[in-house]
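Chain IDs A, B, C and D follow the sequence of writing; residue 1 opens each chain.
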Amino acid sequence: MAVIGAFAYEEDFLAAAENLKASGFDNISLLSPLPLEEAQEVLGLGKSPVRRFSLAGAILGGICGFAMAAGTALVFILPTGGRTIITLPPFLVITYEMTILFGVLFTLLGFHFVSGLPAWRDKPYLPSANIDHFVVVVEGAAGEQVARAEAIIRDAGADEIRHVEEDQ
Amino acid sequence: MFDHGQPSYAEVNKDVLATMLETGPKYWILLGTTMGVAGICFFMPWFYQLIVGVGAAGMNRNAVWGTYLSNFIFWIGLSHSGTLLSAVLHITNSPWRKAIYRSAEAMTLFSLMTAALFVMVHVGRVWFVHWSFPIPNQMGLWPNFRSPLMFDVMAITTYLTASSIFIYMGSVPDFAAVRDASTGLRRRLYTIFSFGWRGTAREWHTLGWAYTFFAVFVVPLAVSVHSIVSWDFALSIVPGLHHTIFAPYFVCGAIYSGTAGIVTVMYCLRKFLHFEKYIGQVHLDSLGKLLIALSLIWSYINILELFSSWYGGTSFELEALKFRLIGFYAPLYWEMILFCAFVPLLMLSKKIRWSWNKMLVISILINIGMLTERFIIVATSQPRKFLPDAFGFYFPSWIEISITIGSFAIFATLFLIFIKWVPSISIYEVKETLKPLRRDA
Amino acid sequence: MSTFVEKLRSYRKPGYYDEFDYHWTMTIDLDRCTGCEACVVACQAENNLPIVGEERFAQSREIKWIRIERYWEGEYPNVKMGFIPMLCQQCDDAPCETACPVYATYHNQDGLNTQIYNRCIGTRTCAVYCPYEVRYFNWFTYTWDEPLEQQLNPDVSVREKGVMEKCTFCIQRIRIAKDNAKDDDERRVRDGEVVPACVQSCPTEAMVFGNSKDPGSKVSKMMKNPRGYKVLEELNTSPSIVYLTKAHS
Amino acid sequence: MSKISRRDLLQYIGAGGVGAVGGVLYGESVQRNVELLIPQVVPPDDYSPGVASWYNTVCNQCSAGCGISVRIREGKAKKIEGNPVHPVSQGRTCARGQAGLNALYNPDRIRTPLQNAGQRGSGSFEEISWGDALATVGSRLGRLKIENNASRVRLLTGRVRGRLDELFAQFMGLLGSDHYQQYDFTYPSALMAANKTSYGTDVLPYYDIKNATFVLSFGADYLGTWISPVHHSLAYGHLRHGQEGRRGKTVQIEPRMSLTGASADEWIPARPGTEGLLALGIAHALVSDGRYQGSDRDEWSTALAAFSPARVSAETEVSDDKISQLAREFGASAASLAIAGGAAAAGTNAVASVVAVNALNHIAGNLGKPGGVIFNSEQAFSSAAASRPAGHQGVLDLTEAMEAGDVEVLLVHDANPVYALPENVRFQQALQNVPLIVALSSFPDETTEMADLILPTNTYLESWGDDVPDPGVGFPVASISQPVVAPLYDTLSAGDIVLSLARQIGGELPIRMRWGTMEEFIRDRWREEYNKRESAGEAQEFEAFWQASLEAGVWGQPGADSGGNSVPSTSSTIASIANPVSMFAGGESDYPLVLHPYLTATFLDGRGANLPWLQELPDPMTSVVYGSWAELNPATAAEMGIKDGDVLEISSPTGTVRVPALTFPAIRPDVVAMPIGQGHKGYGRYAGDRGANPIHVVANQIDTQSGELAWAATRVKIKRTGEKLQIIKTDGVTRTLGRQILAPKNDHG
């Protein structure tokens, strides 16, 4: 059972989120039509692990880039222009590009990994959360928790409250 | 920031989505026209050229590179302000970016695609162009990574990938908005496009971090891309091309022409998609100031280039310089100087900077100048190389001219398709610039 | 580890080859050259150069692997003409080679700047980079009016549209000579055994071709001539063609 | 090895046969249009796929008689190179020689006998069989012979030497006509006539440029077009750097810089027509300086008294300093040599000019010594027909006879007089009076087009023949010309046509001309020569000699002295010294410029214009391809407001041509030069209809002494037509702009 509360005002929404959190509801989602740093603070989201992916990707890309340039030059040795086989200046350019390419790709991977997207299963959601409403979703609530959560949300001034069965 | 008063959140959704969901006959006529022009002016001549050979173009022994390559640089250049500007402004937290960046990035993507098409048109045997990709081929041979052209392949594919990811990731929340506002097939499609985006704090948080990293990667990438394109020329020893200044020259020129391109695109969006509410004087004013700065840098580099050619004093450089300044293509050269160095100075006047129509004209002139600049680089240096006996002359054929015109139609077609598939203004970022609603307000 | 480092070092050696197997070199004595262009036709006959037609000439799209450049000096009546045969200089530090993304041109064991038509995708970068402008592009697929095609040399491929081509120092002749030498008890190719078509035809014997690694070869002796120089030497392309400048009586 | 009985073998063969039939049927059913790698099922003996063989023969692209080797693979000719053992070419070839393959494989070749099918000259022909063609000609000639009217038969050929010449002569002789005439525009007739005057013998001496140290050339483009360019080029290379520590000097005197002038150390643009005078001026300086020590010194002084440097300088526009410098160098050089040719030997004073040059050689003591003029008194295989006149006077006579209706049958072989004669000779118009014109030719050209019957000939690469190079090389030499490929089409060699005609005519002709083929004839003649020299050798021995000669392509006796040092009498030289001033057609006031038509190394007198390689060969001096032009001094052009590409109307007193202008830095301001060779009408697709033919506007002036055409004695006026024409050239800028191209850079600038 999930409890959904939609707010028209950001401050009410944030207040509800804080109260819920203080009341021991851990499994809450805060849906908003735009990124809200305050909401992220409520959930205690600090530095995102995405950055590790970026770093790893960049390093891996750099290594792969140089390895590709140097390795393929070694596999099939074809001298050009009197240059050395492993010609550093041009290979560094390749390394540079590959660093960025892998950095970007790994950041993408990191995003998917950390955000849990794509999520194909239906999750509790209100379309207005993507327009002008701020939505609190209390997931995994059972029994009296449902009523308690509902009370907190209503007290905070929600426009609309819904209960949704979760398809666990 | 908003010339016509602040819209509500819901209005933002409605206004932006309306441009996608409501399509009038005008759009279809326009799309049909651009597709027709692209087909007739670009693809048909190209097909003809594929059959007879690149000789269908006007290039010859003395100038084996022609308008295809100069157009390639032009389109790569045009791509520059989109993603680069968007990323820089994102990192520096400039709020005026938010209303325009989506279309600017789209411009990047589509001009890159057009540029890539020109590579295909340029090469002699396009059916073997995959041999230049770093994939094993039937000859057991890998490409030559020492070649500046390989830098190009790597840089442009990376740039294309990064730009696509950049624009896509920035659009995911907006895809969710489209999903919510639509039904049927479109809804199903956008469900997939939006990855099941709900807008949770965690999703926003991750996207914010990822997006910042994308931006951080894209800025040096974009700088490297045009540096690399300049090295196609500068790494040769051809007089008039072999200049150290070429990388900054090309990067600056690229941002310059791209920024002017944004002004043009903004004008069109505002005019035809009725974004007057969101794209306002502040954007125009900021871009105008940026253009002035860029034009001054561009002029400075140009003077530097002339100076170093002259100061070097070799017969090679002087002859190339002479051909450029007073040779057959001198009128084009001076046209470029007029359009790119002097016309932009008009924007010093706030009256002009604040006028949409005048800015449109200036931005188009700048891009004509930049198109010429690339042509001048290609067409005036090669025919004046080292052996005077091999001095020659190059004039584009009608096929090249037609393909050049067609490329603009391709770009326009892609852009027209884009505005129906992706919200051309970032919905959520515009909301960020609005003052948050307060109960007491 | 140490072998790895050694190996890496060896790969950093310029040109990769410790030394060339043969170093084919040509000398051209401008004091003998009369500009008669016998070499130009000889090359056309040997290497299947297309007959491009008047229109293509008007468009500067001729294909002549060797051409005679002419330079006037002075004004009438004290006017002089200088001829200089211009062909691929087979530079050891060739600007064209590094430019090719698909390795269609590279430096082989014999110090030759080779052009592999099959690999070429026609970016034409090599032609832009070449300071001697001796690379020629196939703007079209050229055909021969029947029965002129019966003359085509079966040892040399006919190039299709979109491919760059240039002087090969008649590599087909070099190959035949090397094969013969190999069959003949694995001996080395003798001086004078290989002559490119242009050198062969030259009626004034202005051109000498041979292996400059062999100190006894005729070309090595010619290279020591004090009149010797390389065209555009200041570009540091290390050409394999040494020109002997005009002398005065 | 397993044992297979004969019976088994037969069975296998039978089975194989069934299989083969099945295979063939299957093959037929799925047959696609494939080109076979090996064109013959059973290749001939001398044919191995993938292996190139070389056949030696003689080049026929000009009259130098170079030996060539032709590379053959799979029965196709691939490449022409010089025959290394041939003393004329010594392994080298010129551009024209290489392009012989274009003649063999020329797409415009005449492939079957043709009969005129419309108005004469309309160019419409229909195919007929060889039998009909030969019967037509043979019966006509036979009738004329019986009617005793054989003198109404005329044979006009290009320059033909060796046994073909003999065969032609014999044929015409047996027919009863003494009208066998050669015409070759490039033939140095004036030189022969002058040598007759100076030395009493009309041989072409051997000019030993190779061993000379100072070559003074009066208009002779010896490296490009004159007599034997390949041989001269070899000699030139030797002159420059053939000997350690010695570099010969060359000086070229001509109004427009030729290929040879460009290579010369000094180029002296004397006034056109005064080259002989200049020679006499130099001779005068030599004699008065006391350089000449002969017993007839006083006589020479008297004879040359009129040619003081001052006077000569005034008339030739060469400074007297220059004249005395030339005299000094000419006299002081170890081996000096003066030669005359080109326009200098094509004025109305041609013979007088060449005689003057001969005198110069005589005074400097250059006769009969290395590096000088060497006389070939004996030629190998000499035959009566060896020195057939190839002159202009004969063509004029022929034209007259045709006009008078005295010619009933005209046989033309390998000559194109319609192209290579001035228009006011009216040769083409005269042809209309000839009832039957038979052309023996490989290609359609202006003259062939006028024919009633075309008998297609093999090219020289498909024909038998032999040749004695003229001039000789200092010892007896003869070359064999053999077919290197089978005839491509239904064509016959000229010799075989003549032999067939002889059989057709009957009577004593087939008895006297008993050879079945040209090959048989050549063999027979070589056997005779062999027997003469080798005192009745065995047949087997001749066979070996013949095979060896065939393989080498040439036979010679390098040891045998041909009498090179026997200097003929020069007593008549003094007496023949005359004031050699050319008379020009056209007054100076009406026609201010002198027309200087020149032969090009590519087309010669136009015969090379149908070869695509030569059309695509940039002109050595201007880099122009595919077209002709008129060269003007930049000063003259500027004065008249003429720019490159302006179409000019060049009018002589006898005709007009239209041709684009091209400024040329090395030409006298009072001269307009035009290359010969273009301006064809009907010489195949490559010659096209491009450019203009300067010979057509040349006035029919003749040399006063020899009657040869004075093609360099016409004045013209030029007019801009206002039209523009792109001159197609491969050169960009022809100045080095101080770049390190022709010479190493000096240390600092």
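Assume a contact is a pair of C-beta atoms (placed from the backbone, for glycine too) under 8 Å apart; a residue touches a chain by one contact, two chains touch by 3 or more.
Everything quoted here is computed from the prediction, not taken from an experiment.
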{"item": "Of B-C and B-D, pair with higher C-beta contact tally", "value": "B-C"}
{"item": "Chain nearest the global centroid, as defined over all protein CA atoms shown", "value": "C"}
{"item": "Mean-CA-position distance for chain D and chain A (Å)", "value": "89"}
{"item": "Between chain B and chain D, centroid-to-centroid distance (C-alpha), Å", "value": "65"}
{"item": "Distance from the mean Cα position of chain C to that of chain B, given in whole angstrom", "value": "42"}
{"item": "Averaged-CA centre spacing for the pair chain B and chain A, given as whole angstrom", "value": "30"}
{"item": "Where chain D touches two or more other chains at once, by residue number", "value": "731, 734-736, 739, 741"}
{"item": "For chain C, residues contacting two or more additional chains", "value": "60, 62, 69-71, 95, 98, 100, 103, 232"}
{"item": "Numbers and ranges of chain A residues touching at least 2 other chains", "value": "76, 78, 80-81, 83, 90"}
{"item": "Pairwise touch network: line, ring, star, complete, or other", "value": "other"}
{"item": "Contacting chain pairs - touch in the sense defined above", "value": "A-B, A-C, B-C, B-D, C-D"}
{"item": "Chain B-facing residues of chain A, complex", "value": "8-12, 29-36, 39-40, 42-43, 45, 47-48, 50-51, 54, 58, 68-69, 72-73, 75-76, 78, 80-81, 83, 87, 90-91, 93-94, 96-98, 100-101, 103-105, 107-108, 110-112, 114-121, 123, 125, 127, 129-132, 137, 157"}
{"item": "Residues of chain B defined as touching chain A within the complex", "value": "8-10, 13, 134, 140-148, 150-151, 154-155, 157-158, 161-162, 165, 169, 172-173, 176-177, 180-181, 192, 195-210, 213-214, 217-218, 220-221, 224, 228, 427-429, 431-432, 436-439"}
{"item": "Sites on chain D touched by chain B in the complex", "value": "731-739, 741"}
{"item": "Interfacial residue positions of chain B with respect to chain D in the complex", "value": "62, 315-316, 319, 383, 386-392"}
{"item": "Residue ranges of chain D touching chain C (in the complex, touch as defined)", "value": "73-74, 76-82, 91-95, 97-99, 101-102, 104-107, 223-224, 229-230, 233-234, 236-237, 240-241, 247-249, 257, 259-260, 262-263, 265, 267, 269, 488, 601, 612-618, 620-621, 623, 625-627, 633-635, 665-667, 669, 685, 688, 690, 726, 728, 730-731, 734-736, 739-745"}
